[in-house]
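Dropping a structure here in structure tokens format, bear with me for questions.
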Amino acid sequence: MEALIALSVGLLTACGIYLLLRGRTFPVVLGITLLSYAVNLFLFVMGRLSIGVPAILEPNRADYADPLPQALVLTAIVIGFGMTAFVVVLALRARADLGNDHVDGREP
Amino acid sequence: MTTELTTLLVEIFVALLILIGAGFTLLGSFGLVRLRDLYERLHTPTKATTLGVGSLLIASAVFFTWREPGVSLHEVLVAVFLFITAPVSAHLIAKAALHQRSPSRSGLPPESLLEKHDGHGAKPRPNAEAKQKPSQTG
Amino acid sequence: MKTLFPHPILSLMLLGLWLLLVNSISPGQILLGTLLAWLIPLYTARFWTAQIHIRRPLLLLKLTGTVLVDILIANIAVARLIVGPRARIQPGFIRMPLRVKGNVSVSLLANIITLTPGTLSASLSPDRSELIIHALQGEDSAAIITEIRERYEQPLLDALEQT
Amino acid sequence: MNELPETGLILNLALAVGFLLVTVAVLLSLWRLIIGPDQPDRILALDTLYVNTVALLVLLDIKLASSLYFEAALLIALFGFVGTVALAKFLTRGDIIE
Amino acid sequence: MTDLGNHVVIAPILVPLLTGTLLVLLRGSATPLRRTISMLGIQLLLAASLWLLLQVADGDLLVYQLGSWAAPYGIVLVADRLSAAMVMVTSVLALFAMMHAIQGSDRRGRQYHVLFQFLLMGLNGAFLTGDLFNLFVFFEILLIASYGMLLHGGGAARSKAGLHYVVVNLVGSSLFLFAVGTLYGVLGTLNMADLALRVAALPPEEVGLVRAAALLLFVVFALKAALVPLHLWLPGAYSAAGPASVALFAIMTKVGGYSILRVYSLIFGAEAGPLANLVEPWLLVLGLLTIVVGTIGVLASRNLALLVAHLVVISSGSILTAFGLGSQAALSAGLYYSFQSALVTAALFMLTENVARTRGAFADQLRAGPMLPAANLLGGLFLVLALAVAGVPPLSGFIGKVLIIQASLDTPAIAWIMAIVLSTSLLTLMALARAGSTLFFKTDTNAGAATLPNAANLVPVAAVAVISLLYVVFASPIYSYTEAAAAQLLSPADYIEAVLDGETLAGGETRLDSETTSDGMPPDSGGHD
Amino acid sequence: MTNLPLIVLIPFIGAMLPPWAVMTGRPWSAWVTGGVALAALALTIVPGLSVMQGETLIWQQDWFPALGLSLAFRLDGLALLFVLMILIIGLLVILYARWYLAEQDPMGRFYAYLLLFMGSMLGLVMSENLIQLLMFWELTSISSFLLISYWRQRADARQGARIALAITGGGGLALLGGILLLGEIVGSYDLSAVLAAGKSIHADPLYVPALVLILLGVFTKSAQFPFHFWLPHAMAAPTPVSAYLHSATMVKAGVFLLARLFPALSGSEAWTWIVAPVGMLTLLIGAYNAFFKHDLKGLLAYSTISHLGLITLLFGIGTPLAAVAGVFHIMNHATFKASLFMAAGIIDHEAGTRDMRRLAGLWKFMPQTGLLAMIAAAAMAGVPLLNGFLSKEMFFEKTVYMASFAESFWLLPVLATIAGALAVAYSLRFIHDVFFNGTPTDLPRTPHDPSRWMLVPVEVLVVICIAVGILPSLTFGPLLGVAVGAVLQGPAPDYSLKVWHGFTPALGMSMLALAGGALIYAIRQPLFRWHETLFGRIDARALFEGFERALLWSSRALDQLIHRRSLQFMLVVLISAALVMLARGFWGMPITGSATLLPIDPVSTSAAICLAAGAIGTVVWHRQRWTALVMLSVVGLIIALAFVKLSAPDLALTQLSVEMVTIVLLLLALHFLPKQTPRESSLPRKLRDLLLALLGGGATGLLTWAVLTRPYDSISGWMLENSVPGGGGTNVVNVILVDFRGFDTLGEITVLAIAAIGIYMMLRDLRLDVPLTDDQGRPWSSDVNPLILATFSRLLLPLALMVAVFIFLRGHNLPGGGFIAGLIISVALVMQYLANGIAWTKLRLSGELHPLIGLGLLLATATGLGSWYFGYPFLTSTHGHLHLPVIGDLELASVMLFDLGVMMVVIGITLVILIRLGRIGLVQRRVAIDDSDLNR
């Protein structure tokens, strides 16, 4: 399972980076989103993998997933959402101001 | 009835529901792959998949009702929700497909009809509700 | 009373929903559920512009039963079509003029058509006068329209619209 | 609660088969999603994928004998619908909130 | 009721937060009211910062346990000499920037004051937090506020620069999370003091991972600090932003520098075993390179705002070069330099706007424009600030540069540092002389008439000029403070002890025994039971 | 003693007066300035007298001990000599400038700059601390920049000032380096300590670098070859400035420093081999160029260069007697050169030109000026009975003395004589070409002697030249004595200040020079032509300009290379940097650890396949943006499933909700963006990006693998244990979010609030073209709100609200919480907008949603502040059970209020963002309709 997760993180990062390096705003936003998925997944699994043991306290269970990375990822997701929303609107603003959707503001 | 027998019966019942549910779920997706045009494919998930998941949800309701104290019916909520929304989703997808003139094996309805359904040609009836201010009671 | 309890049926539904959600019928939860079932419709009342007047509740109940049974039939039918030879599928579009007029009844009819055997409501004309239906075995469109009219549209008309 | 019997063999077997079938369903939906060919096809496939995952979650709930993931299933059902509506409306109207 | 004095550590965060929130609630209120509230907030912040500074000046470390949860379990704020000084400089800068903004540039959009306050909150939080993930959160606060402030006023140039700035920083934030995640994944904690303890006791097989994370974190901080080659975002962003915004941005590169200083002295400091002094060699080389590249930018700039933006890069390079030397004298020199360069570059940005405004269509372009009616005043202020920033006596930059060179005298890097610092100073001076001579001396008779600058607009600029002089006059006490701050940084044991309250657990030891459990309990937990 | 700093301070304070005084009347600024200089001079008298007794006065005040910087002033013979020169010539220049400056010249500014310069010069020569000396040194560069560029409208003035600043300022920086090294060698920056260290400094390995750097400062300031070229261009300054800066003060600062540090630095081979040749070259080049300049001030400028070379050469020779000659020539040169500059200024002022090719026969028009100029020029030429003769004689004597040491040194007296002859020639030219040699041609105005007072300063200086020339030991003698004592830091050598030394080789050289000079002048016309063809094109300014242009060009080229305004470039750099650092971190370390791993199951594998398909699909279809978006949402869904599988229900719920809102957001945005991405990346570019992507993916994958295969131990055990007793909730994740790490959450909602504000700001007045057709060119369906959707979506709202309340209330103990509840409500409301439109929905929503942002933030903060009231830190929570009849046990926690704040912020923000974004199209369409109305 660990290998699967590592591969997933790597793949998401790779796809995110490739899209980040495109010349138009929309693919870049998609890239940012993919990259933040990678980051969130990565940050989450830093508490290691555990199946069927959510961090909801129950009287007869001793095993729990590490709750702290989950809390961190929640924060990261929320912040990431705010940032994505901002950059999406900025892309629109740039398109309106610059007349095109190239990240450098000019058609190549 | 002994506890063991109850357990067995419930288990068999739940197992059956699971198998039926999973089977229909698969059937829905299978149709998605097998059928030949979008309009045909639209039939399968709306019916089979919805029923399949509904069956699984009932299995869950039975299982938890039996396993934990009290009646567990909240799964019904999801099932009802799916049954209400699935046709709406299908309707909207079909509408989009007709708008895009997605090809159909049997041929699309006449263009004039599609134009009319797109709201072109005939003037659409204005949405009366949007204009009038809503009263408290509606 | 109307302003205080704009939608008693909705309120009841919501209370039921609450109890389903919490999986409990303790007095505290009933009280809390009641409170919410009162407050939420109060806030959302203005979204419910069309008041549904159920004239024949029993007919509606019967229709519900018919639909549920038809859903099961529909699934088996569809299953056979999917798994069986594809040649058995002779699809076609059917244009069905509507007799129901109300928002709720038109919507209900469209949904029922989709959930029941072999048919799918593909498009409702913007003036709500007709429905384009896609049928998996649509050679005999008249028969399909007749069946829909008899099985679903008429009961809907009777239960919700006929005065 | 602790005196409850363990999940039995039949149920486990059914769960295993169930997981297998739903997993295949997921992959088939994914296949349709990938091959399209039209935009509405992809919406349909995505919608089905959402419902398939509801099925997976229900199975997981039963398997873990814990209803902790019920809300997730509920939200997937809800958001699958909203997503389908938004994607479809984009195709017919462009402006989805207007 | 409690003594409010106990909460002085968190005040620099809460004051702007509450001011900002109040301004959000007063959506649509009149500009004078917004200005008054904003200004009052800053004055309150200034008072709080001063109070905090006085509290830590004698060497006390103030630890504030949020939610009464002890470190390392909860988040703590820590005020030492360095963080208090950073907060103080931020507050002073905020005052000047706000004085400038309320002369009219805040009017270009309604949200200026809100964004300004939240940016202050982010800055102060970053300076005060003792928790690595919380540092990330405050980074995000200050970044998103800075995105807004950069775009404040709108226009094509800002949109383009903003897009670059935002996307680059979003990637930076992702890297931050990768780094923090790895550190947590290996060390199992987020509190910086606790991280320091655990790094010191790191088993050899984990060294590679932690080093990778630490270096990745360095990339993030270097990006914020505009260390070459990660400075590319800065010139465009800073030159496009309105001066009322960018005046406050002058401190933002300092956040990067601060974080480098904090993390690599505390967590990866001298006691970090195989990871000790991890980034110093990088810092030294890249810092010098930054100075060179910044100077190239200064020479090549065709407008004043861009030139000043490159000056920010140079000053960042100078500070990080000093930090790269690592000795107490060098850190102290870097800090001394850092405080004044933030103020001076901010004032230059403000002056740029004043000049641009009087020159009409010529704005801040470095070409002959209309005769300036107030050339003496504007040019005089420019001269003073230019000298200060180029490191020419008798202004503050001179002492800063001398201190940095002096700190390098007995190191092998002396030749490089002296050659680069001195020659770039000359080139900077030449470029500034050219710019000043073009702007204030040279006139194009066909250029039409310039307008008279608003004298009130120049008050903050003049104030910084005076401060720059006073900074030299009182160099000795200021340096004593930075020296003490550097000493505090170089003895992280005190910090660790203060934060963990004497708890000296080595990494890997269990913390789950009942004793430590009760340590972290709030005094009133379950109070109503 | 204590008035030493006052001497320096007075001009600085006085510099503020002239701009005020000028308001009373122009002359007032001159009198005030003169008064300031006089006051400083008066203050010098008492300490000056003690210095003449051989004392060295030092006043010291700690300033910045850590740096070695103290406020320290020193008055010894050398300093006194310079102070007197600065103040006395300064007074004369002030007087002269009063009549020199034209009506339109702002006089207040002139005198202010002049006093600034005077103060800087005084500070420089009186500094006891070397860093302080350097500060004044740079101040002289800056104030001279201001003085040279005084006529700022003139391009040559601006440029001359910039060249001067670049050269002398740069030299100052080198000097700084040298001084820091010297201080490092000696251990102190106090001059006394440095001088006391004496020759021991030479042994230090840092000596040569220190010497070179210090000499760079000296040579630039004193216009030594090859830095001499700034001086002629500084002649664009008003003539009083030239008379002051370029005779007695600014340019003398360099040689002053040579003299000042003479005991510490001189006497080594390096010293001799650097200083003497530079001095000699400068002497010759200056003299040569002076002769060929047609501009009067140009001639004087090169002559100054030449004489500074002479002084430098003398110090370079390094013997005590040479030093005596050097100091003596400093004094003499100051007097005759200042008077010559003033005379040149008068000629320029009265005749309107300084071009010697136009000037001629002025003797008839201005005999008084002519006489004074003639005497001063004779002094410059080294004519006996004038002061210039004496020091030049001493110089010749030293060259002869040096020649006796080595055979090859014979060149020295020869070159000295040639330079002497050239000096005679240019002095002759100055007199003959201007005052005689025919009649003036085509002068702008008719010249005549200037007003009486303008001549007084020249007369004073010329009288000194004569007096010193005849009675050297009675005039400059005593001052020279103490000055030399100070330079040598010991007893002065035996030297005699006599007019007649008998027939010495030096006298012969003098005579030879006089004769040779006359000869050179006689054949000037062919020489001018010869010079014109050989060196006519060489122009130092053009060289500097060329250098500056090259610097500018190369920096612009480099700048364009480095500072590319390309996002892709920035990202490539950033990602590469991260990769390099990761590689460096991992280098040589094992990747895989020893922890036991979990098995892989088919469901997870299939999910991973979906994830991969979604991610790769997003990349593959990124040109078909809508399709890419669909693929992206698959990734989001699978991530949520992963969270479910890996025991993180809260995360799954949040991920799903955020995912939903993000997709709606992206769809809203996509409407206004192109639906396709053009193909514009070249194949190499794509391959580069692919490589970088694969490396990045590989790196994070390996990082993940490395961490996951290692066992660890974390602080979260404590959190599990304390969640119920400390935080009052069984959902540990939620307790961490709202309690243990509630501060993070407060920050997180602040980020959201700021994002909303920024977005709100960006959307104001946003004008975007609304596409009238879909990407296949088909007009949009006009069925805006399909009925079936509208009908069923209305049912959704109350249901979703109910679910949200449920999720919110249970969050503390079970998966859920304010954030998720907020998003559910938001999505339900967004659904209303989707199905029914903005206008319809807005009418039915009670109240605005914007205030929720501020109120939520306020509520969350206020909850945190509430704990202050009970004496606990910010965000300290409390919880407890409330026993109510019928209802039973009700658990309440203060963090629920906090969570409520979070929920409010989330609702406010999501709707503000989405609805405002949705409204763009609405507004645009309305605008379009209005426009078409207008057109009709």
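The first chain written gets the first letter, and so on, giving A, B, C, D, E and F; residue counts start at 1 in each chain.
One rule holds in what follows: a contact is a pair of C-beta atoms (placed from the backbone, for glycine too) under 8 Å apart; a residue touches a chain by one contact, two chains touch by 3 or more.
Owing to the predicted nature of the structure, the values given are computational and were not obtained by experimental measurement.
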**Item:** Any chain in contact with chain A as well as chain F
**Value:** D, E
**Item:** Chain at maximum distance from chain F, centres defined as averaged CA atoms
**Value:** C
**Message:** If I average the C-alpha coordinates per chain and also across every protein chain shown, which chain's average lies closest to the global one?
**Reply:** E
**Item:** Inter-chain pair with the most contacting C-beta pairs
**Value:** E-F
**Request:** Work out the mean Cα position per chain and let me know which chain is farthest from chain E.
**Result:** C
**Asked** For chain A and chain D, what's the span in angstrom between their mean Cα positions?
**Response** 22
**Item:** Chain centre separation in whole Å, for chain E relative to chain D (CA means)
**Value:** 48
**Fill in**
dist(centroid_CA(chain B), centroid_CA(chain D)) in Å evaluates to 12
**Asked** Mind pulling the chain B residues that touch 2 or more other chains?
**Response** 30, 42, 50, 72, 74, 77, 81, 84-86, 88, 90-92, 94-95, 97, 99-100, 117, 119, 124, 129, 134
**Complete:** Each of the following residues of chain D touches two or more other chains, namely 1, 19-20, 26-27, 39, 43, 68, 74, 78, 85, 89, 91-92
**For chain C, residues that touch 2 or more chains besides their own** = 17, 21, 46, 48, 50, 110-111, 121, 124, 126, 128
**Message:** Can you give me every chain pair that touches, using the contact definition above?
**Reply:** A-D, A-E, A-F, B-C, B-D, B-F, C-F, D-F, E-F
**Item:** chain F to chain D touching residues, read off their complex
**Value:** 602-603, 606-607, 609-610, 613, 617, 626-627, 630-631, 633-634, 637, 640-641, 644-645, 649, 652-653, 656-657, 659-660, 663-664, 667-668, 670-671, 770-771, 774, 780-781, 783-784, 789, 793, 796, 800, 803, 807, 814-816, 824, 827, 830-831, 833-835, 837-838, 914-915, 917-919, 921-922
**Of all residues in chain D, those that touch chain A in their complex** = 1-2, 64, 66, 68
**Message:** Quick check on the complex: what are the chain D residues that touch chain F?
**Reply:** 19-20, 23, 26-27, 30, 33-34, 36, 39, 42-43, 46, 49-50, 53, 56-57, 60, 68-69, 71-72, 74-76, 78-79, 82-83, 85-87, 89-98
**chain B residues touching chain C - in the complex, by the definition given at the top** = 24, 27, 30-31, 34-37, 39-40, 42-44, 46-48, 50-51, 70-74, 76-77, 83-84, 86-88, 90-91, 94-95, 97-98, 104-109, 113, 116-117, 119, 122, 124-125, 129, 134-138
**Complete:** Listed in rising order, the residues of chain E that touch chain A in the complex are 133, 137, 140, 144, 147, 151, 154-156, 158-160, 162-164, 166-167, 170-171, 173-174, 177-178, 180-182, 184-185, 190
